[in-house]
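You will see chain A twice below: alongside chain B first, and alongside chain C after that.
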Partner chain A sequence: MAGLVGSAYTVAVYGLALIVVVGILSLFFEWFDRKAFARLQNRYGPLHTGPSGLLQPLADFIKLLSKEDITPEAADKLLFALSPVVICTIPLLTLFFIPVFSKEAIVFFEGDLIFALFLATLLYLFVFIAAWSSTNPFSIVGGVRAALQLMSYEIPLALALIVPAMFAKSLSITTIAKWFETSFQPYALVPLALAFFIAVVCAQAELERVPFDIPEAESEIVAGWQTEFSGRKLALLRLASDIELVLMAALIATLFFGGAAGPWLPPFAWFLIKTTIVVFVFANIRALFARFRIDQLLRGAWGILLPLSMLNVFVAYVLMQMM
Partner chain B sequence: MSELEIPEITIPVGPQHPALHEPENFTFKVDGEYVVDVEARIGYNHRGIEKAAESRSYIQNLYLFERVCGICSHAHTTAFTLNIEELLDTPKPPRAQYISMIVAELERIHSHTLWAGVAGHEIGFHSFFMYLWRDREVVMDLLEAVSGNRVHYAVNTIGGVRRDITPEVEKKLRKGMDILEERLKTYRTLALEEPTLIKRCEGVGVLKPEDARRLCAVGPTLRASGIKHDVRANDPYLAYDEIDWEVVSYDLCDVLSRILVRIDEALQSVYIIRQALDKLPDGPYKVRVPRNVPEGESVMRVEAQRGELIHYVRSNGTDRPDRYKIRSPTLGNIPAVCHILKGGYIADIPIVLASIDPCFSCTDRMAFVDVNTGKKWVWTGEQLRRYARKWRG
Partner chain C sequence: MGLRNRLIKWARIKSPWIIHFDCSSCNGCDIEIVAALTPRYDVERFGILLRGSPRHADILVVSGSVSHQVAPRLRRIYEQMPEPKFVMAVGACACGAGVFRDCYNVLEGVDKVIPVDVYVPGCPPKPEAIIQGVVELIEKLKAA
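Here is the complex of A and B:
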């Protein structure tokens, strides 16, 4: 059941390639997101660095690397230094379970979807630790908000991602992606569409983007849990949020559109097309709304999203039994 | 059973904070996400303008008062010139009154659209901000066409205005007004229909009419609490009594109401400008006035964009004022904003603070107070210098 593609050697080679590709892709998606967001607001967005500002995210990254790295006197030095690295690593690790280059992920086993969700939760634990270790009132409020936000969207997100798994009768992301190509049935469309909607909403919360950029609400709590981070640490956190963007887009593209699966084109091309479309959807959402308040998010998530996603799972189950 | 004790956290907002565009300090005591208490501390941006006015001639003061505030620059010079003209007993010629009024209303549109954009930014609605500021460029270009400047218009002068409105500029103004009317109506619909905006603004920062009266709120903050008070209507100056317009007021008493009041007021400004252009009288736009102002006192009230602005002058027969006093509208709104911040969410602090459209540099005052004894005193310039030297060591 559990399986790795080939030997440990191939995993290492593919893994390295994945890290490089994800690094490039995350910067590309940041650019794409910024550009789409800007165009939706009738602005130009990044323009000067590289063709159409394509290199702007890279330039920002390098600039931040060269900036002074300050650790507050009162901070917990070890956790403060460690958390950006962990926050950057976790989404990268999760991407190993998603098919990118071929129709199979580098690492896949029955239950890797659950493991991926677990890693997403772990990420927020470290966000909270990062906030707590920096001992800044803005950070702490941001960290508490991040934790509250996690509690609100995590269950609906898991329930939404379970729906394609139910249809594919597998908890492996790779198998679910294959199911879209081989044995997709049209009756699955309705629950899948609703699950997609819920997953997109939850992804905005996971990525801390408008309307759920509550943990780092700029005008309220400066930079939220990131307030005290600067220099290299901030560069890592910025990269982490870009990788997270890739991860959520890839996860949604894989679980709802089959990811790397598709005719004619090579798998990587399909993966790119589908994730870019999802990022475009994200950019649209970012341009459309105002920021919610944390209590409004909690009420909405527990009062609307959770019952909706439970109902959706139930409908999917009934449909499967009937067909 | 013992409840989990959450330590009381104090959050400083300011002097440097992204929600504030000028240095000012508000210290919030918070319990979780709720604001328990607020303490406002003003004075970070005190520039000694009133004192500076005493050592400058009236003409020089024109430029000084233009710079009290970047956004209500025209309102300040209007109050100033009307004061001095009153002392000189030479009112502005009719044409100058209309031109000054047109610029004042253009400035109001610019200020209100700027504010509404900032409000969008405070609640994380970036697109609202971007679109409003794009359309604000229309009015900025018009201001440039009328006065030659985008921010400090320098239109008012003692005895009239400094520039005439030519037929070409008038044509530009009419065209611009059409664009602005259409865009402002779109934004009003947006404010009334966009669900996330309504969710963040409805029922937030409620200032009941009786509180508004008790705490002496002014301007759009007051009118958003359902009280129709506008100096332009209640105590008309320039040519406002010759124009047919309405005082806008909404009685929702919350932030949404303040947004709607400002958008509707900007729309009213469009109507005022159109009528003023129709009625623009012929004749000179400037009269010559003597440099020395006879002895006397004068108080002038002007409806600046942020509310009632009061200027007081005492002259002593020379070319310099003996005493000049400004009461800017934000100062009047600070007690009200401290009142409405209590009991709200942390997340609502920026939008509630912003909802009075604060302008701290105009507000800041300085007084010597001993906190322990409550004693107040006044120092001369020489005493201040001695004090400064002592501390510099």
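Here is the complex of A and C:
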């Protein structure tokens, strides 16, 4: 276990910088996503809040912070207050393992990819707790759907993210990103492309975005597991979903396109370019599809995505042995 | 006015989220509200979003005549919304019972149950009129 960038002091400084940058980036990506989504639907999207609506997510955030914060009489008060904070913190923590400012993450060790996946699963445990603690039938149905969704996409996602780790012969996100720059082999392209496709599909489910926004489905269950949250708690939950968007985009950009690695430009610029492209792909998927039913998601994930990702891992292994 | 209050006021003006409650409308006003939300008029330009849960919304958009049966439910939805909250009555029925005036089962408008901030008359009002109603509400907020 190694690889803190330097002394505890430098880690603290980089950590604070990362938190500020991720905060700004999450609001920017929400704007970018909403704007791209709107343009794909032939409309303008946010336009009058700041230059081309750039400050819209900030206005939403401040407004929600200033609103009344209602705690239902029947809710589990402690968990109800705690879960939005935890849901907001976990994706922020996971971003510490991804290279953003330099070619090395702030914290990295052999196996941090597995730890990042573990944190992503833990997040959904707290989503379920948030739903359960608000004691609203809509929330609980939403929470159960979130748990079911987790069971369907989690294994294909893990198997897809393992493929670049197999080629790089490392379970550290930083080492995988370095492999793209130093010893990338063209024969890896085919398994990587398929793994990228699976990872993008699973990321949509992880982020609860349109083809898989089943736990939120506002036309069926009001606002799903978020139904009872208002004011500051809702502001935190919205920020959490934006940070999660940054996290998934950064994870996919790092594991499939090398993240901060790249020629000429500084690492942070490459990171920004690659994650923005991934967010644009996400926005396209959101605009192209309608919501699936929960049984369609389960059948699709266990019947198509899982065998496909297993086959992909096998093909990657055979290719590695042959080359 | 301090910087903090100015910031909050700016955010409130720029991000009015609405929830639509249909009392017992003939769907004329509802379709016009949907028309105001869809790409042709695209109210997301002004930061207006349609939310499903009353806990998330700022403006309650009510359409249709308020019958005695729906009145307590309307009141409950209103009470579920967090402060500060505003109410917009859309259509003749919501403003004052419309053609159902003097019916035995109908109250004369939304303002008999909950306080209304903006009235949008018409049977049904055009989407432009509904957007104008939101603009009036924002003007009221600016003046406050």
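A few notes on this one:
FYI, the second predicted complex is superposed on the first by the 322 of 323 C-alpha atoms of A that agree within 3 Å, B and C clash if a C-alpha of one lies under 4 Å from a C-alpha of the other, contacts with A are read in each partner's own complex, and residues count from 1 in each chain.
Please note the rule applied: a residue touches a chain if its C-beta (ideal position, glycine included) is under 8 Å from a C-beta of that chain, and two chains touch if they have at least 3 such contacts.
None of these values were measured; they are calculated from a predicted model.
When the two complexes are overlaid on their common chain A, residue A:L234 makes contact with chain C while staying clear of chain B.
Contact with neither chain B nor chain C is seen for A:S102 once the two complexes are overlaid on the shared chain. When the two structures are aligned on the shared chain, A:T71 is found in touch with neither chain B nor chain C. Of the two partner chains placed around the shared chain by superposition, chain B is the only one that A:R291 touches, whereas chain C remains out of contact. By the touch criterion stated above, A:D213 is placed in contact with chain B alone, chain C being left untouched.
Of the two partner chains placed by the overlay, only chain C lies in contact with A:L47; chain B stays clear of it.
Of the two partner chains placed by superposition, only chain C is touched by A:Q226; chain B is not. In the superposition on chain A, chain A positions 41-43, 138, 218-219, 222 are in contact with chain B in one complex as well as with chain C in the other. Interface of chain A with chain C (complex): residues 34, 38, 41-49, 53, 55-56, 58-63, 66-70, 138, 218-219, 222-223, 226-231, 234. Contact residues of chain A toward chain B in the complex are 40-43, 137-138, 140-141, 144, 210-211, 213-214, 217-222, 286-296. Residues 7-8, 10-12, 14-15, 39, 42, 44-47, 51-53, 55-56, 58, 80, 82-84 of chain C are the ones touching chain A in the complex.
Contacts from chain B toward chain A in the complex involve residues 9-12, 17-19, 30, 32-33, 120-128, 130-131, 134, 194, 196-197, 199-200, 345-350.
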